[in-house]
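You will see subunit A twice below: alongside subunit B first, and alongside subunit C after that.
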Partner chain A sequence: MNLTAHAPILAVAVPLLGAFALPLWAKLHTSLRDLWLVLVAGVTGALTVLVAVQVYTVGIQVYTLGAAWPLDTLAPGGFPIRIILTVDALSAFLGLITVLVAVVGFSYAWRYLNEDEGKTLALTLGTLLWAGMLGMAFTGDLFNLFVFFEVTSIAACGLVGYRTWASRGPEAAFKTMVMYTVGGLFVLLAIALLYGEYGALNLAYLARQISGSVVDRIALGLLLGGLLMKAGAVPLHMWAPDAYGEAPAQAVILLVANTQISLYALFRVLFTLYGGVADPAIGWLVVSLGTLTLLVAALMAVVQMDLGRLVAFGAVSQIGYMLLGVGVGLTVIAARPAYGLVAIQGGIFHMLNDAVAIGLLFLAVGAVEKAAGNRNLANLGGLGHDLTWTTGFFLLGSLALAGIPPLNGFASKLMIYQSSFLLSPILSALAILASILLLAVFVKAFQGAFLGPRLRKAEPVPVSMLVAMGVLALGVLALGLFPELVVRHLVAPAADALWKGRDLYLQAVLGR
Partner chain B sequence: MIGNAPFVVCMVLVLLGLWALLFRRNLIKVVIGIKIIENGVNLYLVATGYVRGGIVPIYTYAPPDAAMVLPTPQALTLTSIVIGLATTALMLAFVVVIHRHKKTLDGRKVTELSG
Partner chain C sequence: MSVVVRTIARILVPVILAFGGYVILHGHLTPGGGFQGGAVAASAVALLLVAFGAPSLKKLKSPLSVLEDLGGIAFVVLAFLGIGTTFFFNLLAGSGGLFGAASPIGPNAGFLNTGGTVPLMNWAVGFKVLGGLGAVMVLFGLFGGDDDR
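Here is the complex of A and B:
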């Protein structure tokens, strides 16, 4: 068996099977479960990296399910009827983000979750969510996009609400589930409209056929609505702070990666599926939604007193920066490719930076909650005396998120500011204003929770949690100090895949 | 015009479901609203695959040169029904837990989270 050819489907199948086998191992012994999780995570990570290396060095990888040979994408009539996975540089980039987030999250969860508080459940759902995210990133047809969308929805809501002994978790999970399900049904209705018109589900085939008729526009609107609901953009963000606030910390960083995967699906729809009939009006819509998101979420963060919800609004506002970057790119790329590309690169680079920086913050909040017993800023104070490392990590994460120069948030935000300035100076002024607001919010939170006199003795944070945070903190520093390296080798191919790579994407599947 | 009637019915179902979702406060009725949207979408999928005078799409049983209805939308609908079962079960499970804690199903009264 040729491992390289089969790697894309194995990267989805291994965590899927691994997740369902996890509770069975836990029945025997919890250490067997942990061993199994290490094995599954290691194999999945290695397979995803293998796929990514192939994509970055050789080119787009396709995998046809059920064909005699994985590269037989076309049936004898010259028509793609089978389920096809298509992995290009952007999919691989998102795959790598999920690997980073999942590995860090699981090593954090090892000591963060208590055995008698549903640790097996949380790990199972986390692995399932990972499988769904990889599936969404790698899939090459619309219907499987919907299937994996629902897999991630169910796993994510399970993670938010599995702690049924408290009332807030299930309530947040119900709210989230309603939003996710309605979003999923919008996506399904759009798929049905496109199928009714073109009789196909394959993304590449549809992209070649699409004509921009009224039905296509309705389908695009439904896809935008459904995917933005899942990405948590304002005005469809009301689930996000609840879910981020109530889920355990290691699950929250998976949820953040999940919103980025929805954004990936949105970009795939906008650029690859509708790239042939691109319309600047759609770009302006994305730009205005992005600006609204980053501003409203930053303003909402100001009034929060719960540390978890405060960081959650920070996370929602980062979604706005990604939408702004890619929306500016979509608006101008046809007219001025050079700076449209910088905008798209900024948006995509910000995905990685956001996963690292906001992940670090959420993990630090989880550590605070474990050490001090609560997260309310009114009751916290002086944690810096006992939790030296966590204090440093929180400070690093908040400065990176607010876009302070030597750290990673600055590198991508600068690209977004520059390119949106060329579209309209007001946009970049608003984006900078939101960053300043976030800085003020985080300074307030840092001062309230970590500085001041010691209120009571805090429990020490376990070493494995510190190591997980340390990995992300190193990421914050490294991405901030060497952004050119990352942009040139990882981000630029991913941004090219969206615009210049569209024909390659179609050729990889359709063969001409 | 009459050929479009199934599609119109599906859209009416979707809108009814959305109305229930937005204006009903009882959590069970919210779930029912989502199910109605889902059934509208599933009906739409099946309706797109219909061919006038078509028969069941099984090659071995079909007479030669008979028109068949499209098999793909039926497969999609089946998948979507199974997914819908899972999401509905999960949502109802959350409703049961919420009711156990709050002893009410009124969406306005259960909420502890805001903003």
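Here is the complex of A and C:
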């Protein structure tokens, strides 16, 4: 068996098998379960890295399920009938983000979750969510995308409602479930329209056939709506603060990665599926939604008194930056490819930076909640005396998120400011305004929670949680200090895959 | 529930399970399949729940959830069987043995002993759905409020 050829599907199948087997190991003994999780996470991470190395060095990886050999994409007659995984540089980049987030999250969860609160369920759902995210990133089939979309939805709703003993947990889970289900139905209806029109579900085949008819436009609108609902963009963001506020911290960072995977699916639809019939009006729509998201979420963050919800609105506003970057790229790339590409690079680079910085913040909030017993800024104060490391991590994460140099948020936000300035100076002014608002928000949160006299003795934070936060903090520093390395080697190929790589993506599946 | 309901339930449960099994078994030939058959079979659990009440079914919860896990694992393992060629490759089709007969070409009444790994996957999905839906219903019965009778 040729491991490199099979790596794309194994990276999805191994966590799936791992998630199904996890509760059985837990019935025998919890240490067996932990060992199994380490094994599954290690193998999945290694396989994803292997896929990414192949994609970045060799080219697009294609895998045909159930065929006579992995590259046998076309049935006789030149029609792609089977489920085909197509991994290009952008998919691989998102896959790497999920690996980072999942490994950090699981090591954080080891001491963060209590055994008697259903730790096994949280770990099972987390692994299932990871499998779904990798599937969404790697698939080259529209219906398969919907299936993995639903896998992530179900796992995410379970994680949001994890705290069944708190009344707000199930409420947040219900809200999230309604939004995800409606979004999923939008996507399904769009797929049905496209299938009815072209009789195919393969992304590459559809991309070659698509004509830009009225039905196609309706399908695009439905796909935009469904995927933006899942990504938590304003005005469809109302589930996100509840979900981020109620889910356990290690699950929140998986949920954040999940919103980015939905954005990935959106970009795949906009650039690859509809790239041939691109319309600048769609680009402007994405730009305006992005600007709205970053402004509204930052304004909402100002008034929050709950530390978890405050950071959650910060997370929603970051989705706006990604939409703004890629939307600017979509609007101008046909006319001025050079700066359109910078905009797309900024948006994609911001995905990684957001996963690292907002992940660090959410983990720090989880540590605060565990140490102090609540998250309300009115009752917190003086935690800096006891939680030295957590204080540092929170400060680092909030400065990075507000875009202060030399941290990582600055690097990608600068690319977004510059490119959106060329489209319209108002856009970059609004984006900078949102960053300043976020800085104000985090100054308030930092001062309220960590500075001042010690109110009561806080419990020490377990070392494994500190190590997990430390890894992300190192990421914040490294990505901020050496952004050009990351952009050149990881982000630029991913951005190229969206625009210049469209023909390669189609050829990888359809030949010629 | 009354003794009439309980007696009828005792008679009907094996019939429902058999019909669910039939839908699963013929999934590769007729409409239906693993999910549909599993849902039919899980309705037997619903009938038991109505007839005998949730507390008497409490001991079913653990076996049902294990059945669900095993169904999921069996599905992925069956997909892994083909990894020598490709994931999900139908290794057993046309190889003789169980479900291994070659499908005849042209109109026919349908031959059960064909399909390779597909019928086996139907069984895996069927057990997963039976276990999952059954466990959910038992849990709802155990923890649900009393205000809905």
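Criterion: the second predicted complex is superposed on the first by the 512 of 512 C-alpha atoms of A that agree within 3 Å, B and C clash if a C-alpha of one lies under 4 Å from a C-alpha of the other, contacts with A are read in each partner's own complex, and residues count from 1 in each chain.
As a working rule, contacts are C-beta pairs under 8 Å (C-beta built on N, C-alpha and C of every residue); 3 or more make two chains touch, one makes a residue touch a chain.
Predicted model, so just to flag it, every value in this text is computed and none were measured.
Set against each other, subunit B and subunit C differ in how many residues of subunit A they touch, and the higher count belongs to B.
By the touch criterion stated above, A:P241 is placed in contact with subunit B alone, subunit C being left untouched. By the touch criterion defined above, A:S262 reaches neither subunit B nor subunit C. Using the contact criterion defined above for the overlaid structures, shared-chain residue A:F143 touches subunit B, although it does not reach subunit C. Of the two partner chains placed by the overlay, only subunit C lies in contact with A:A13; subunit B stays clear of it. Residue contacts after overlaying the shared chain place A:M177 against subunit B, while subunit C stays out of touching range. Looking at subunit A, you'll find no residue that touches subunit B in one structure and subunit C in the other. On the side of subunit C, the complex with subunit A involves touching residues 65-66, 69-70, 72-73, 76-77, 79-80, 82-90.
Contact residues on subunit A toward subunit B in their complex (touch as defined above): 143, 146-147, 150, 153-154, 157-158, 161, 164, 167-168, 170-175, 177-178, 181-182, 184-185, 188-189, 191-192, 195-196, 199, 201, 241-242, 245-246, 300, 303-304, 309.
Considering their complex, residues 14, 21, 27, 30, 34, 37-38, 41, 44-45, 48, 70, 72-73, 76, 79-80, 83, 86-87, 90-91, 94-95, 97-98, 101-102, 110-113, 115 of subunit B touch subunit A. Residues 1, 6, 9-10, 13, 16-17, 19-21, 23-24, 27, 63-70, 72, 83 of subunit A touch subunit C in their complex.
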